[in-house]
Structure formats: structure tokens, C-alpha cells
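Since the structure comes first, as C-alpha cells, the remarks are kept for the end.
Each chain gets a letter, A, B, C and D, in the order it is written, and its residues are counted from 1.
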Amino acid sequence: MFRAIVDNIKGLWSLIVGLSITGRFFFSPVKTVHYPRQVVDPESLASYRGPLELVPADDVGGSKCVSCQMCVRACPGNCLTVIKGKEGKAPETYLYDFTLCCLCAACVESCPTSAIRFSHNVYLTARTREELHMDLLADLKARAAKASQ
Amino acid sequence: MNNLNFINPFSVREDPGSSVGDLYTQNFSRHAKTGTVILNLGPQHPSTHGVLRVIVELEGEYVIRAEPVLGYLHRMHEKMAEVKTPWQFIPNMGRVDYLHPVAWNWAQVGACERLAGLEVPERAEYLRVISCELNRIASHLMWWGAFVMDLGGVTPILYAFEEREKINDILQIITGSRLTISYFRFGGVSADIDERFVRLTREFIPYLRERLKMYKALVTDNVILRRRLEDIGPMGVDICQRYGATGPVLRAAGLPRDVRRDIPYGVYPKLDFAIPAGPSDDCFGRYLVRLFEVETSLNIVEQALNELPDGPVKMDKAPKANWKLPAGETYFAVEGARGQIGVHLVSDGGKTPYRLKLRAPSFCNLSLFAEAAKGVLLADAIAILGSLDLVIPEVDR
Amino acid sequence: MTSLDSLAELFRQADAFVISNHDFKTQGLVMSAVIPAKNLVSLGRSLCAGGYSLLDISTLEASEGFLLTYHFDNINQPGRLAVRLLAPTGKPVVPSLCDVFQGAEWHERESRDFYGVVFDGNPNPLPLLLAEDFDGSPPLRKNPKDLAPLSALGLFGQPQSVDPAWEAYVNPPAKESSPKAEKQA
Amino acid sequence: MDLSITSLAQIIIACLMVIGLMVANAVVMVYFERKTAGFIQRRPGPYEVGPRGTIQAICDSMKLLGKQLFIPGNVDWLLYFLAPVLAFFPVLLLFLPIPFGKFLTAMSVDEGILLILAFSGLGVISNILAGWSSNNKYGLLGAARAVSQSIAYEIPMIMSLLAVIFLSGSLNLSQIVEEQGSWPWQWNICVQPLAFFIYLVSLVGETNRAPFDLPEAESELTAGFHTEYSGMGFALFFLSEYANMLLVSFVCVTFFLGGWKGPFLDGFWWTFIKAYLIMMFIVWLRWTFPRVRFDQLLNINWKWLLPLSILNLWITAIVVKLL
């Protein structure tokens, strides 16, 4: 009986300790990064694996890809479609289905010319499935155009 | 019941005991006493963490019988392994257990390496240890928060997420992802650490040690929590042996079994760390063992960072995506956050593994729930379920 | 503590066809044995008494039938064992280990879901991971060409002792089936 | 009490004002609780709707109003619809005898506290009706819990109030406030700290708030007795929960914290400030502690609070007799 009373008083003290901790946190600043007003610092996204993008070989939107199909064969999710162009080795189409991609880096690591890499785009959103079916060559051209402006 | 039709193993369903509910409920209620309530907890229920479903028979608030029903998240990973090359299967491992993906990475990659006899550079081994232990901390923190949430305390999980976010930030530097990590490669790891990784990890270790004191004051010492957990759901060595339970469940029962120490892999033999055993086999014992493991993992990360040798992080001529395994069989186990993760790999020398069996620790740990939950209060059953630290994708694979 | 010799003795008592030692470093097993299905429960009982617990049941579809590998580990002193049974393709029935290791129930149900192996004595007749209304054959390999013979899988390590009848069964010299296999069924 | 036209009009106006107070209280408290939870958990809480999220609670209540009434199959629909209404209206009545200020009482009744205690027992009937009629096992379990919990916690609650009534010798709430002084050391809390503590604990138990929120324990019973309610039905339960909280806080202020009296300038603002401080404390408790188990909840009550309150009552009675 006496022990139970002592136990309960100790227990009540532990409750007060708990209240003091949450009370302290109540007055400490919030930790949330309030997107879209704030964004995380880009340094922490330097190695983030976003959707794939092609590595530009020059300023006009050319790619380093030689259409060797290594990435297509390596991909576990079959999310890449590379069709070789009529002339030379450069690809005519480079389609990428982000809905199937598991971001495993099999393609990036198997590419003999290092022509693809992960973008660091954390903020990708899409309203439809089709928006995630990407044409990487068009994307590369668009980026080159944007850079030249 | 034992007179199964040998041609169709599922033919029993033509003889349902009652017509209410689906087949599982019908089969379960066949043995129900009169005056009891059959209650389906889940698959959508706040404390079954995903899509676990537990059928319980209640007499008042007491659970007379319980039976977990699985399969709501079954994705056939084992069959997938048979149609993918070993390399292509690595990303799957991150999806098996989303809380401790690095250990599953290790289990599969390690099994293939054992079979093929690949040598891993020492630096890569250290990086494996560091990433695996950081991930283990993240997993235990997540469990801690979710467990306290099962007991009704909503706030701690958000504190745990603060730390978990920091670990995710750190792991993202080397793995590129935050949740479904595929970091390991045959013969090494995919990326080396940089100065920022070391800096953040070194900052994180003392920070978490401080926070653990807060955890203790806020939750561990809390009288409500202690009385909810002490002497609830005792699971002794005997029940663990019969059900094949491993990990913190077995360690709380008093046996210091840990694959990292017993069947060493990687560079664990070179590191000095304690394996907790006990102090009690109840829910509170399992709670304490896990919190102790967080400290252990912090020590391991600290040691590994100090002893990190220079060198490559991947062997020369590391296998590519079309790499073939040699014929043979191997069983490789690693210690995941929930227990012993086992990969039984059989290869006939073809392009894809012939058979890959994943032994999920949650699967075995959950199977003893039916026995442990007999005769406890419903609230205690929830506490026992939480103390097993289940990850449903891992149970269902 | 169960030494390797006493283990081998245990396996011999269970009329093991093959008892083999393994290289623990590469194969992760200390010892494995292929035993007749009827002796599984008695062997399980003696393993249970020796402090072993069941890790998993891994079913393998080979051209000879279903090879069930029961992995055991000692909870007092680590050392992994594999106990194998062969269940013939047409009528895969093996005894259930549920009475000894209750944890086996789920492993057995999983095996039944995906391979159609029937475990005689398993108390729960419902599928574990497949849908309750799943009606059809288990997801087996459809093309017999996909099935590898057991001998091609390197399962047996360094055999200590091999029953000649087993040898004949695994590597059949001619077409006729071996008497041992029928005894099992 | 004369039932003239003026007093009737007074009561009707007071009722309307009380409804206004209840709704306003719910809106303010939802915002306040979510913000508090946010800050304790180191996140901003509601933020996007309106400046700093102030309109969030109003938007949510509009959404609840506009929702389709979803009625599960096999409900006992008369009771199913009656339950939320029953939860809401008795609470209305309970605000009438509360003295917000010296002259700010809707209906000054000599036996005010008796009225409150009698009608607060009605709330649990709505809980059991809701749990029973909605044909849900979780609801039934929640209802059973609600009944035994609220019956249990009423007793120490009354006992602790009785001690104060012994001191002041009146059941009239205004009278009880009048007995206390303006400064904190003149309040009943200094004379009856144990009674205050017991009242505080049973207040949390009586209003089904965490850590005693067993009837709706979401990790066990998903939502307890109101599992099957959506839209307006849920909103009414919600409203009555906050109204109950406010009510017990007002009673607490009246009995222990000097009511409208406060340092410097007496007035109704002191009632509100003190009541909301107690509400804040209840919210703080909720976001700090895990939930107790049901048998523990009843043990706390029958084995500790009840003997303690009886002891307290004895001592008070003896002291009052001797002095």
C-alpha cells in the first residue's frame, strides 16, 4: 500500500516531466520547411535521384548517346525506349516512362558514354500519367535553349 | 479438417462454418464460442500499420483468439527474382522492407557475392556498415514513434521523424534516395561518401544521444507508458524457438542472438559493440532493447567512421546488369532491424536465379502473435502487435 | 550443444538419403540432409529438443519434383542446417511440422499457395498470401524446359554419405522410376 | 422563481447566446488545439487558409455541413439520428446557471450545481445510443466504455465539488464565487488543493479527452462510438465534446479559481481567461501522454480518486464543524 502510494507520486512526477518537455517544444521554433515559400537548400539535393535526363554533349542540344541499347537491356522496369537514328549513332528517339522507373541507376551505371544521369528535380508533379512519359531528347533541347537565352 | 483434397488444396472452402463475412472470417468463426464477438481489426485500422488484418474473438474486451490474415500487400518478390537478373533485382529489395532497405540490399547482394566468391574492398565494407546502421537507427526511431502512437501518444512520432529526416538527409547523399534505397552493388557500393556526409554524421551522433535522453524523460519514464507495457505479452525463449522469432523479440527474451555477432559478415567482427539481452521478455523489454540498439548502432557508426580506410568502394570489374550467377546454393543472413533476414539463393547458372527465397523476420515474428495475444485485453493486443515491430510489405513480400 | 557428429547421427536415425557437409563461408550451412518425408516430424522433434528453431521453408521446383528445404538454426549456438524433402510433382504431400514448430504453419501455407504442396496436418486450410478467392493452379513454371534437375543446382555440398537409391533417383540411369521415390509418396 | 414573460425572454435570449458561444468555442478550440498540437510537434499547424490558418476551422465546419449524410446499412435509424441531437442539446441547458460575471447569469438557480450534474449525466446516453444504433462492433465497444467511464468519473467529481459546497454552504454558483476573493490565495484552490486535483483528473475523464479518451481510442477502436457518423452527425458530437470541455472548465473556475473575480478588476473576462487556461491544459495533456488502458482507467478512479475524495470530504467536514 505504502509502496503503491510512493510509486504513484513518482509516476505523477514523471507526468510533470513529460509536460515540461512538450511545453518547452511548444515555445521552440517549428522545423517545417514551408514549401513553396521556402525550399530546402540545393546542397542537400546534389545527389538526389530525380527523373533521368540526358547529358548535353554541346550547347545546341546534342546528346552523348550512341544508341547502344545497354541502358534498355539493363533496366529492370523496361522504362526506356531508344531508337537509333538514320544517320550516325545518335538516337532518333529517347523515351523514358517515369511511371515504371525505380531509380535504381542500372542504366546510368551501364552507359558506356555516360550519356544519362539523374536530375535533381524534387518538385516534379504531374496531373496525368502521360505527363510522366518523357521525351528526353526534347527535354535536352529545351534545356539547351533555356541555357542559351 | 485434415482430410484435404489432394488435388485442389483450397477445396475446403465449400464447407464454410458460417455465412457471415469472407472465408477467413467464416473459417475463424467456425471455432467461436457462443456469446463472443468476432472483430476484424484491419486491413484498414489505425494501428495495424498498413494493411495487416487481424481477426479477433472478443469476450468483453478480452481477446480469446486472434488470427492475422496476410496477403493484402503481396507483390510476389520471390517470383520476380526468377525473371530478373540478380542486378536488376537489387531495387526490389528496397521495396520489401521500406524501413530498413539497406539490410535487405545487403542480404541479397551478400548472398550473390558469397555464391560467386566476389571480394569486396574494405572501404566498401565499412560504408556498408555505416549505411546499414544509420538505416537501422532510422527504422528503430520510426518504430518508436509508431509504437507510442499505438499506445495513444501522438506527439513522439513527430519527434522521431525529426531525427529520421536527418538520417534520410545523410543517407540521401550516398544513396540518392530517401526511402527505397538501392545502394549496394555486387562487389561494393554505388557511391563513396563525401566531406558533407562525414560532417553531418559526426554532428548527428552527439545530437541523437542528447535526444535519446529526451526520449527517456518524455516516454520511457512515463508512468502511463510503463504501466501499459510492463508484464504485457511475455514471450519467452520457448515461444520464440517454436515460432522462429529473431531479432529484438528473441533478445528481449534473454538470448543475445544477433547475426552480426554470431555469423559475422562484412567488417562486423572488427567492430566492438554490445548485444543487449533482456532485461525482460515483455513489451517493455522489447521496447528497451530497441532503444538500446539505437545507441549501439550510433557507437558502430562512430567506430566505423573513425576506422574508415582509404581505397576503392567497388571491386575492379564489378558485375554489370547482365551478370550471371554461377550454379550453386547459398543461404546468407544479415541482422535487420526486425531480426534475421535470410536469403536462400539457388542458381542453375542461368541468366536469372533459379530460386530466391526471402526469409522475412516480421513474418516469423508476427506468426507468434496468435499465441501471445490469447487472453489479453484488446488494448494489450495492440501493444503486443506494436512491440513486434511489423513492416507489412516485408511480411507479405 | 549439438556437435556435427551428433547431428549426423540424428540424420542417420531419420534414414537420410544424403548427408552432406557444407562450406559455411560460401554456402551458409554447416550440414544438410535429404530425408524421407515420413521421418520429418520425428527429426523435427529431436531438433526442437536440441534447441533448434525453424527459420523458413524454401520450396524449390525441380524436374524431379518439389524440393522442400527446411532451414534450422540453433538458438543457443549458431549453426545453420538444411533438411530437405522431395515431394513428387503429381502428388506433393508431406507431413506438417506444425505440431513441433508452430511457426511452421505459415511457412507451410505459403508453400501451399505458391507450389501446391499439401502439408498433411496443417490446421489452417485457407491461403496465406494469395487472395481468398484465388482459384486455379499455383503459379508454377509452365514450361518443363524451365525446370532444372537437382543435380544441376549444386545443392549437396560435400556429401558424407549417399544412399545409392537416391543417387539412382536423382541421376536416373534409365527411364524407370526408383522404388525409393514411390516409398516416399 | 417566477415565470414571467421577461424571465422567459431572458432564458430564450440566453439560450441563443449559449448556442453562439458553443459554436464559437468549437471553432476557436479546433483552431487552438490544432495550433497547439502543431507547435508541440514543431510544425506550424493550420497555415494555408486565411492569415495563419485562422479560417481553417470555419472551412472544415462548412465542409462537415455540406457533406452527404452517410447512413450505414442496418442502423436503428431513429436512435442513430437522435444520438447526436441528444449529445448537443443537454449541454445547452448546462450553461444556463453558470455565472460568467457578477450579473451575467442566464438563469440564476439556487441549486445550480445540481442542475449541471444532473444534466451532464445525459451526455452518456447519447454515446450509448450512438454506439448501439450504428450497428458497428467498434461503436458498441466504445459505447460500453463510455458508459462505465462516465459513471465512474462522475462520483469523484461530485465528491470533490461537495467539499467546496461544504465550505461555502450553498449550491448556488454565484454564491460560491462570492465566497472567494479576488486574489489567487483567496480562491478555493488554496483551501482545497486535493479536491482541485481530483476534479482536474475527473474532468479529463468525464470529457473523454486523452489520456482518458478510451471511448474513442483511435488505435484500438478506430473512432469508438462515433465510428459510423459523418457530416453533421459527427459535427454535433464534435461540438458537444468541446462544449462539454468548456462547461467543466467553467465549473472548475467557479468552484476553485474564483470565477469572475481576479486581481485588479473583477469581471466576466476573468472567467473566460481562466476557463481557457484550463482548456489549454487539457489540450496540452492530450498531446503529451499516451493513453491509459481501460482497466487502469477504472482503477485510478475506484482505487485512488474515490477514496481520496472521500477522505478529503471527511477532513473538510470535520474542519468545517470544528471552526
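We take it that a contact is a pair of C-beta atoms (placed from the backbone, for glycine too) under 8 Å apart; a residue touches a chain by one contact, two chains touch by 3 or more.
In this text the structure is predicted, and so the values were computed from the model without any measurement.
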{"item": "Higher-contact pair (C-beta pairs counted), B-C versus B-D", "value": "B-C"}
{"item": "Chain whose Cα centroid lies nearest the overall Cα centroid", "value": "B"}
{"item": "Inter-centroid spacing, chain B versus chain A (mean Cα positions, whole Å)", "value": "25"}
{"item": "Separation of chain A from chain C, taking each centre as the mean of its C-alpha atoms, in whole Å", "value": "44"}
{"item": "Residues of chain A whose C-beta touches two or more other chains", "value": "8, 15, 18, 21-22, 25, 31"}
{"item": "Two or more partner chains touched - positions in chain C", "value": "none"}
{"item": "Numbers and ranges of chain B residues touching at least 2 other chains", "value": "155, 159, 162, 218-219, 222, 224, 227"}
{"item": "Pairwise chain contacts under the document criterion", "value": "A-B, A-D, B-C, B-D"}
{"item": "Chain D-facing residues of chain A, complex", "value": "8, 15, 18-19, 21-23, 25-32, 34"}
{"item": "Touching residues on chain B, where the partner in the complex is chain A", "value": "84, 87-92, 95, 155, 159, 162, 169, 172-174, 176-177, 180, 182, 185, 190-191, 196, 214, 217-219, 221-224, 227, 320-322"}
{"item": "Chain B to chain C touching residues, read off their complex", "value": "1-2, 4, 6, 9-10, 12-13, 22-24, 27, 70-71, 74, 76, 78-79, 111, 114-115, 117, 237, 240-245, 250, 255, 257, 259, 262-263, 327-333, 340, 342, 344, 346-349, 354-355, 357, 359, 363-364, 367-368, 371, 396-397"}
{"item": "Footprint of chain A on chain D - complex, ascending", "value": "36, 38-44, 47, 284-285, 287-289, 304"}
{"item": "Chain B - residues contacting chain D, complex", "value": "37, 39, 45-47, 58, 61, 148-155, 158-159, 162, 218-219, 222, 224-225, 227-228, 377-380, 382"}
